[in-house]
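Sharing a structure with you now.
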C-alpha cells in the first residue's frame, strides 16, 4: 500500500480545516471601526489556529516523506489525528467568540493536547513499522519538541481557570517553538529519506516513483 | 481510463464530508459546563459518523487499489456512493440535535443502509469488469462484513421506533466490526493487487505507474 | 505546461461544490414526518444538481484526458466554467427553498445555460489548440448533446414563467440525456487519447507520464 | 523535498477559498426581482474576488512550475500567502453586504495588499534559493505587474474614505492587468522550466518526474 492516497486525503482534510475556520469569522454588522473591534480576539485566535494547523501539515509532510510501510493501523492512527484536528474550528470559534473565557481556553488546550497525543501515536506506529531501519528511527525518534509540547499543554489547561492569559501565552510559546526553523533536523530527515534503501521490495520501489 | 482522477475526486469529496460535519457543531452560547453538556450527544454522533466516513474511505482505498478497469458505469456507481455519503452531515446533525429521537435515528440508519447498498453496487460493478481475473473476484467477493452490515441496518431502522438506543447500539456494533483490524483479508487483497498481471495492455501498465 | 495541476484544482473545486450543496439542506426543527415533508423539494433539487455536477465532472475528465496543449487562455476558460458551476449551490438553494417558484426556476436554468456555454467555450479553446490533430477534433467536435442542451435550457428559462414544472421537466430531460451511457463515443475518445501521437515533444511525453 | 505535496495542498486551500466565497451569497427570501436586486453588489464583489483568487492560482502554478528547491522557509512563506488569501471570503462578504461602504472597501484593499506582499515574499524566497540559476531569476525577477499592483492597492486604501468607487475601480484595473494574456512572459517561464538543468541531483530529477 503506498502513501500517496493517504497523503492526498490528509492534505485535503487539513486544507479544508485551515480554510473553514475562516467561516467562523462572522461578518460584522456595522461598517466602522467599532464593528471591527470585537472581532480582534477572534482574528488573533484564528491566526494562532492557522499556524497550528500549518505546523501539523508541515510535520505530517515530513513524517510521511520518510515513511515506506503502511497498513490499516497506520491509516486509523492517521484518521485519529485528523479527528482531533477537525475539532480545531470548533475550539477556535468557542474561545474567540467568548474572548478567552476560562473553560473555552481550557477546551482549546484540551484539543491541542489530544492532537499532540494523536500525532505521537501516529509517529510511534510508523516507527514501529520501520524497526529494521535504524536511521529513520533515529531521525524521528529524538523528538524533543514533541515531548515538551504536550507537557506545556497539560500545564496550560488547569491554569486557564487561574488566568486564561497564562494558558494562551503557553499556546503561543509552543507554536513559536515549532515555527523556529530547525535546519539541522530537517537536513537529517531529508538525508534519511533520500538514503538508498538496502533492499527495497520491488513494490516499495514502484510506490516511491509516484 | 485510469483510476487516478476518480480516486482523487472521491478523496476530495470524502475529505470535505468528514470535515464539514464539524460545521454542524454549533458553538455553544455560554462558557461553562452547562453550555457544553447539551453538545455531548452531537459530539458522540459526530464521532460515530467520522468513523463511518473513515471506514468508507479505507474500503474505497482498498477497492480501487485492486481495480484496473474503469468506464462510465463505474464512474456513476462511484458518484452514486458519494451521493449517499454526502447525506451523512445532514443525518448526523438531525440525529445529534434531536438527542436520538426515533425518526432521525431511523433516517440515520436509512442513509447508512443506502450507502452500504451503493458500495455493494460499486463493488459488484467493478468485479463484473474483472471477470477474467479470478483472484480479484475472490479477494473482493467473499465480503462477509459487507453482507452483514446492511442486514443489521435494516433491522435497526424499524427498531428506532421501539427504542432508538437499540438502533444506535447496532450502528456502533457495525462500525466496530469494520474497525477491528483484519490483517488476513488485507494481506490477501494486497497480494492480489500486487500480483503480476498476465497480459496488461500497454495503456493499463502506464496508468499503473501514475 | 501539463494538465495535472489544472485537473487537480478543478477536481478540488468540483468536489467542494458537489459537497457544500448539502450544507443548504437545513436540518428540520421537528422530529416527525411533518418536519421532513417540506424538505422534499429541496432534496429533489439537490439530487438534480448533484447529477449535473457529476455530469460536468465526467465530461471534464474526458475532455482533459484527450488534451495535450495548455496555456493561459485554457486556464481562464476553465476558471470561467468553474465560476458558473460555483453558482449551482446558490441556484439550487433558491429554487429548492421556494418550492419551484418561477423566477428561481428561471435563474436555475440561467446558471445551467451559462455553464453549458462556458463548457462549450472551454472545449472550443482546447480544440483550437489541437488543429493539427484531426482525430481529437473529430472525437470532441461532433458534440450533439452539447448543442441540444443549451437550446433546451434557453427554451426552459422563459417557460418557467408559464409553468415551472415544464422547465424542471426539461432540466431533468437534459440530465437524463447525459446520464444514458454512450459507450460508442466513450470508446472513440479513449481510442484517440490512447493513440500513439505522431511527434510528441519530449516535454509533452514526460508530462503524460504524470 | 519535492514540490508535489506543497502544490497539492495549496491547490486544495485555493480551491476551497474560491468555492466557499459562494456560501456568503445568502439565498434571498423573496422570489421576485426585488429580492434579487440587493444581491447585485454581492455578486459583483464575488466575481471580482473569484477573478483575484484565480489570478493567484495561475501565478502560483507558474511560480512552482519553475521551482526546484524547497525548504521549511518556503513552506512557511507559502502558508503566509495562504493565510492572507483565506481572508478573501471575509473581506468579500463585508464589502458586498455593505454595498461598498468606505471602511469595508479599504479593508478589502488591505487584504489585497497583504496578499500581494506575501506573494512577493514567497517569490523572493524562491528566487534566493535559485541564486545559481540565472535563467529562473531572470524569468521571475522582472516582475513589473508584481511591483505596480501593491502600489495601486496602497493608493486605493486611503482613497476608499474619499470615494469607494475610485478604490474599486483601481481593484478592477489591477485584476484586468493580470487577466490580459502575456504570452511573451509565459513562453519565457516555460522555456526556463523545461530547460535541461546542468547537474540535477539524482533526487531532484526523480522529484521532477512526479
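The chains carry the letters A, B, C and D, assigned in the order they are written, with residues numbered from 1 in each.
Just so we're on the same page, a residue touches a chain if its C-beta (ideal position, glycine included) is under 8 Å from a C-beta of that chain, and two chains touch if they have at least 3 such contacts.
Because the structure is a prediction, the values reported are computed rather than measured.
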Can you grab the rotation angle between subunit A and subunit B? Superpose on CA, round to the nearest 5°.
-> 90
Examine where the copies subunit B and subunit C touch and state whether the two sides share over half of their residue numbers (same) or under half (different).
-> different
For subunit A, which other chain has the most distant CA centre?
-> C
Inter-centroid spacing, subunit C versus subunit B (mean Cα positions, whole Å) = 26
What is the distance, in whole Å, between the centres of subunit B and subunit D, each centre taken as the mean of its C-alpha atoms?
-> 36
Residue numbers in subunit B touching 2 or more other chains?
-> 8, 12, 16, 20, 23, 209-210
In the complex, go through subunit D and note every residue touching subunit C.
-> 7-8, 11-12, 14-16, 18-20, 22-23, 25, 27-28, 31-33, 36, 47, 50, 54, 57-58, 61, 65, 179, 181-183, 186, 190, 194, 209-210
Subunit D partner contacts - residues on subunit C that touch it in the complex = 1, 5-6, 8-9, 12-13, 15-17, 20, 23-24, 71-73, 75-76, 79, 82-83, 86-87, 89-90, 93-94, 97-98, 101-104, 107, 203, 206, 209-210
